[in-house]
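After this come two complexes, each holding subunit A, first together with subunit B and then together with subunit C.
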Partner chain A sequence: MALIRWNHTRDLPSWPSEVFGLQRDVNRMFDNFFRGGLQDDSTELSAWTPAVDIAEQKDAYLVKVELPGVRKEDVKITLESSILTIRGEKKQDTETATENYHRVERCYGSFQRSFTLPTTVKADRIEAVYKDGILNITLPKAEEAKPKQIEVKVK
Partner chain B sequence: MEDGKQDALMRRPEDALQRVPVPPERIVTPVADLFETGDAFIMKLDMPGTAKECIHLSIESDRLAIRASVAVPHPASAHVLFSEIGHKKYLREFNLGDGIDRDKIDALYEDGVLTILLPKTEALRPRTIPIR
Partner chain C sequence: MLMRFDLPRTYDSLLDDVMRWDVRPTTRSFSPAVDVAEQENEMVVRMELPGVKKEDVKIVFENDVLTISGERKPYEIPDDAKVLLNEMRVRQFSRSIEFGPDIDAARISAGMDNGILRVILPKAEAARPRTIEVK
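Showing the complex of A and B:
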């Protein structure tokens, strides 16, 4: 049995889904507004949702994803028309899955997160490093997206 | 004394300028799994972003305390657009029962997961009693 992270906007079975669907859309609209166009597109296909941080530097976007206990072979990152998708699976250790459990708080199963990046990035220069349970993705900005200083001559 | 006071007042505006906004640090309770084998209890805690050197395990009377610091997530020059991880440290405490051999507790940090091995004392281990 897969454990599913409780999400109050999604998982209450006694409420009609369209009510929460609408609420979710409204929440997302507000979230997107305050994030200045950066969109978290969908987490609905996930059994759990890893936490994400995104920061912008002059020449790159830095994305951090918390993936404790996920093997790097089980993570897939794709960029498709400025939508960055991180998906994968957290597998339960086979040797421990059959043991006598007292407490299970950690989440297992598939995850997926997508973000629409506000400007174009150099798709062929994206780098990802996995260390200590954190996936660090560096997305260098394309030349046209970098801030430019233009000198205007006063006549 | 008079001069000292004046000096402190003069310095105050400068101090205000030097104050760098520090993101608030949260104390997070890491999620844990606990399971049992014949010889031991095994605990696994999700603690991404820390390092072996930054984790402190301590036992005081019957309390096992797990503390860890986490590096600041982004360089100071970066503009944070989206933050769910933020700046945090980990803290969690457990009560240890009598059946755990405190001297043989072992821990391993790998891929953001802390695994703590809590061996059982002889009294708690399963035994079979031969029939005479």
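Showing the complex of A and C:
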């Protein structure tokens, strides 16, 4: 088997994960400063940082975590005093013992992301579904946290 | 109620505007991470494509070059939802990987599982290792 030649002109640049990591850290700093309520408490313990999308609805938070190739059983979601933590490990999916790598760009190892939710959620009603490499977490808001409309009569 | 400022999207669109002024036409593409492993009888390419549907992926093998391209389409969010954090990238992607001439192009196969695209490129019969018995 011939060796793979790395061709500059053909191959798009693949940035090392540290560059993205740094960019993400800087973005996160900015985000935390501007974003009301939601706070990213991720620690630097992670070997890599999965991308996260969070949307707020009237009655729930929707959290999406990019976890391609991570097994369901290797993901742990916890909620402790309004801090949502998603942690786990991505294991290298070696198929045979005799595998030789020509290129390894994917990141492996443990990951962790934590967020402080701005409002209380129903801890016992949190649902998580893993599909196509994306973890979808739905956190229904607690009754007292839902927006209430009060009609004020003008006399 | 605090006002939520959608910085990531604002920042992105700002960046995109700047990119558009670039002399080269930008394709707004990204390069998904890829692993290439060699096994006894085949080469295996594993590419991270979370949230990408298999019908949105195109795989071409031409002149010993494997090209995987496609599009990551945005997912739907409810109309009343406010975006608090947006780190996922939705756009076109393309990667090309050059292989030696020993690939049996007719038998290349691909599958998608848990956000990982797996392309198997079998080695041509002549390139496979052979055990020779000493008589």
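By our rule, the second predicted complex is superposed on the first by the 120 of 155 C-alpha atoms of A that agree within 3 Å, B and C clash if a C-alpha of one lies under 4 Å from a C-alpha of the other, contacts with A are read in each partner's own complex, and residues count from 1 in each chain.
Definition applied: contacts are C-beta pairs under 8 Å (C-beta built on N, C-alpha and C of every residue); 3 or more make two chains touch, one makes a residue touch a chain.
Source: prediction; values computed, not measured.
Which of the two partners, first being subunit B and second being subunit C, lies in contact with A:R106: first, second, both, or neither?
both
I'd like to know which partner A:L79 touches here: subunit B for first, subunit C for second, both or neither.
Touch partners of A:L79: none, neither subunit B nor subunit C.
Mind telling me which of the two, subunit B or subunit C, contacts the most residues of subunit A?
Between subunit B and subunit C, C touches the greater number of residues in subunit A.
Identify the overlap between the subunit B-contacting and the subunit C-contacting residues of subunit A.
35-36, 38, 40, 51-58, 61-62, 64, 66-71, 96, 99-107, 115, 130, 132-134
Would you mind writing out the residues of subunit A in touch with subunit B in their complex?
Touching subunit B from subunit A are residues 35-36, 38, 40, 51-58, 61-62, 64, 66-71, 96, 99-107, 115, 130, 132-134.
Of all residues in subunit A, which touch subunit C in the complex?
So the residues of subunit A touching subunit C come out as 1-7, 10-15, 17, 24, 27, 30-31, 34-38, 40, 51-58, 61-62, 64, 66-71, 93-96, 98-107, 115, 118, 130, 132-134, 147.
For subunit C, which residues are in contact with subunit A within the complex?
The contact residues of subunit C facing subunit A are 1-5, 7-8, 11, 29, 31, 33-40, 43-44, 46, 48-53, 65, 75, 77-78, 80-89, 94-102, 112, 114-116, 123, 127.
Where on subunit B is subunit A touching in the complex?
31-37, 41-42, 44, 46-51, 73-75, 77-86, 109, 111-113
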